[in-house]
Amino acid sequence: MTVMGRYLLRRLLIAIPSLLGISVVLFTVLALAPGDPFGELATNPSIPPEVRMALREKFGIDDPVAIRYVRWITAMLQGDWGFSFASRINVDTLILQRLPATLFVIGSAQVLALMIAIPVGVYAATRPYSLFDQISSTLAFVGFSLPTFFTGLLLILIFSVQLDWLPFVYRADIDAAGWRWYWEHFRQAVMPITVLGLFLGASMTRYVRSAVLDVIRLDYVTTARAKGLGERVVIVKHVVRNALIPVVTLVALQMPAIFGGAIVTEQIFRIPGIGSLLISAILANDTPVIMAVTFVFACLVVFFNLIADVLYGWLDPRITLA
Amino acid sequence: MAEPLLEIRGLKTHFTTEDGIVQAVDGVDISIARGETLGVVGESGCGKTVTALSVLKLIAMPPGRIVAGQILYQGRDLAPLSTAEMDRIRAKDIAMVFQEPMTSLNPVYTIGEQIAEVLRRHEGLSRKAALERTIEMLRLVQIPNPDKRVHDYPHQFSGGMRQRVMIAMALSCSPKLLIADEPTTALDVTIQAQILELLQEMKSRFGMAIMLITHAMGVVAETAQRVVVMYAGKVIEEAPVEALFADPKHPYTQGLIRSIPRIDTAATRKARLEAIPGVVPSLLKPPPGCRFAARCKHAMPRCRDAVPPLLDVGGVLAAPCVLYQPEMAA
Amino acid sequence: MVEPQRAARQFSPWLDAWRRFRRHRLAVASAVILVAMILSILFAPLVWKVAINDIDFTARMQTPSWQHPFGTDDLGQDLLARMLYGGRISLAVGLSAMVVALTVGTIIGAVAGMSRRWVGPALMWLTDLFLSLPALPLLLLVIYLFRDALKAAFGPEGGVFVMIVVVIGGLRWMPVARLVRAQFLSLREKEFVEAARALGASKVRQVVRHILPNALGPVIVAATIDVAAAIIAESTLSFLGLGFPPDIPTWGRILYDAKDYLDIAPHWALFPGAAIFLTVLSINFIGDGLRDALDPRRVM
């Protein structure tokens, strides 16, 4: 197996206990909760008795905690996530339906954030305390101090209410064809992606600036300059490449927080993703959905951490070739 | 006399800090002839590294500034040049080797890439040609298995090996002057000897001049032809190496040489190691007059007022010291 | 580079830190603004004695006027009074959550830092685990599951307050723990601690008198950020309709009520939003100033 392959395997083997650990925490929270989270079961007439019985058995309400956990986690890992009270379909179908919208918004927002943060951060770091640096720093602070729900509302106020340029209700199924379909999709996606992207970009800009400043004063940058390579090559080839390493780690570490932002944006812009699903499930007391969505969020965090590990190993030869 | 390769005249490099202006290099004159090895010695903080970095304009220019002076390379003044113009001279005409081999190489690129990029940049070589030349250079600096090791990363080499890589990198475009800033200080003693030997070999092969900066008198004695002694941002003595060790003129140089532990005297005389009392003066507000006056046992009241210029003493440029200019002591 | 020798002058670390803080103009301005906000939140209700739930259908959704400086909402309730009340809650939540995070984090970090056997790595694994937990979903989950029980135990407001503070604080101790542990690891081997040990100082004494004071700098900065994060978390929960009970006018809740009336009564949403923004912004700037003051990393 290649060196990278072995490294991947090692990281995977570490990811699994993490996932299990998180699932234990989730399950503990559920188990500690007083009352019967499946109280709905008894009162909701639309749930057939067999389903009710099956659910009680699966969650083994009357069994000791450890056994309930094992049963629950095996069910989860097998993709058997139960049945939604409110929507009356299987939870896994429901989640799979809604997941793409969330991933699309989060992914695009992250891309937008990087497209802002890297150029601005690098430029600000090469001219520290200059006017550009001070202005971009202040804007960055403003950016991550503005809560996403407020920015979202402001944008809706300006662009949907006052100017009527953009729709503020997201529709996953747009009946239009060809370019018009893309254009409509773009129009409705631009505000939520901007809100989330600017927020992420703001904190990332400061981090990139800080990472570049850390690298720029290292000895090997002086060496690169002494080789007469030209300041631009020194910055782009030698500095940024090294500064990107901690930035990748940051993107991965921010994942748990990004999902929070996604939940809020999905609520405001009524995007049919798993964030808004979580909220509506809470309001409807739909426990299986709540558990499953939280579990999915946890899996996504572990998954993206793994991707970050891989990127990190690829970017920094010291890790894989120790 | 042939025109010197590098002539530094009256160089002043100052740093603006939150406590004031640090006059790190304050009026330094140094010249190096073609093919000559010049040793620059002095204790930490005397300004020798800053002088070297000033030559290649590697000083961080916001806090640092070349306030005055000329840096004449082959007659052309480098001081007013922009960094873009300096880039044409760096590595191609004047190259530099640094003190810390463990941190002076970029960890994410192979050593082959780091050497090849110099060749491609300054000599316009193709990737393939640059790789071949790189392997040649590695072989020259005695890295075993150069054709395999060229694809390795810096962390896969020991300190001594990395320093060899640095030397290969610096010499790849056959520069006329190599500035070596404490090239052996961070290495083990046995490796130190090897690196110094390597430098001598490279010199005889490439014929370049070397500006060897160090605080170790032993290194200077072994490798330099002429020596410049710096103290508190100024040059206080300049002499051919034998003359310097045989008959040091400036009280500071005398103190330096007397403080070298000697095996022969230690065995016969039970004498204490001679140290120079006192500490280096602050470069924020340097004392007027001679900067060594506070620690000098020959100090006279005159010393604190003015410093005589570097003078010719007995046919050799030597110490700016009142001892040698009795007319000033009067 | 050359090290400038320090001229002899009064050298006190706290004085130095204060001097450095003063140089960060935005931080100083923010401190002034924040103190002004806190003072008005604490003392203005003594002057502005309008009730927060005075329903007055004749004064619905009025824009700011002398009678109602911040306008009114759809039930004619005075927004200024409601905002002042909400401010108190935000402050209380922010500070309490920070205290929880700081306490838990410092204890765990200290224990992990001082231990030499498996306890340290085990605690660090736990820290990493908690760092991977998705914060908001977990927060929502806990609120969903425990809301009723806590209401029964502490009353509706108290219950939610306890739950929010514990959970928010309980999800923010990890950076503090890491910082504290790092400080401990680097300081416990330092000479002055060894000296204390040689003089017979017990472990606790070593920790409290010698190590903790040095770790204080970065921890103070982290604590400041925690307050801002807690305020945002609480506002987010209220905005999603899942925080304090509906009759409690936290800033997030006011926004939740206002969001459907953006077109006809934008002032209703703008005031609470701006308040949250200003508070968090000031805290962030102050945190930055503190970082410059206590943990200076000179660029040049």
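Think of it as A, B and C in the order they're written, each chain with its own count starting at 1.
Here is the rule we use: a contact is a pair of C-beta atoms (placed from the backbone, for glycine too) under 8 Å apart; a residue touches a chain by one contact, two chains touch by 3 or more.
Note that the structure is a prediction, hence the values are computed from the model and not measured.
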- prompt: Which chains touch each other through the most C-beta pairs?
  reply: A-C
Message: Farthest chain from chain C, going by the mean of C-alpha atoms per chain?
response: B
Statement: In whole angstrom, the CA-centroid distance of chain A from chain B equals 53
Statement: Here the gap between chain A and chain C, centre to centre from mean Cα coordinates and rounded to Å, is 23
- request: Would you pick out the residues of chain B that each touch at least 2 other chains?
  value: 62
- request: Among the residues of chain A, pick out those that touch two or more other chains and give their numbers.
  value: 128
Residues of chain C engaged with two or more neighbouring chains: 300
Statement: In their shared complex, chain B is touched by residues of chain A numbered 128, 218-220, 222-231, 233, 237-238, 241-242, 245, 315-318, 321-322
Touching residues on chain B, where the partner in the complex is chain A: 56, 58, 62, 83-84, 86-92, 95-96, 98, 100, 103-108, 117-118, 121-122, 153, 155-156, 166, 169
- line: Interface with chain C, chain A side, in the complex: residues 18, 21-22, 25-26, 29-30, 32-35, 37, 128-129, 138, 141-142, 144-147, 149-150, 153-154, 156-157, 161, 213, 253, 255-257, 259-260, 263-264, 267-268, 278-279, 282-283, 290-291, 293-294, 297-298, 300-302, 305
Field: Touch list for chain C against partner chain A, complex
entry: 26, 128-138, 140-146, 148-149, 228, 232, 235-236, 239-242, 252, 255, 259, 262-263, 266, 269, 273, 276-277, 280-281, 284-285, 288, 299-300
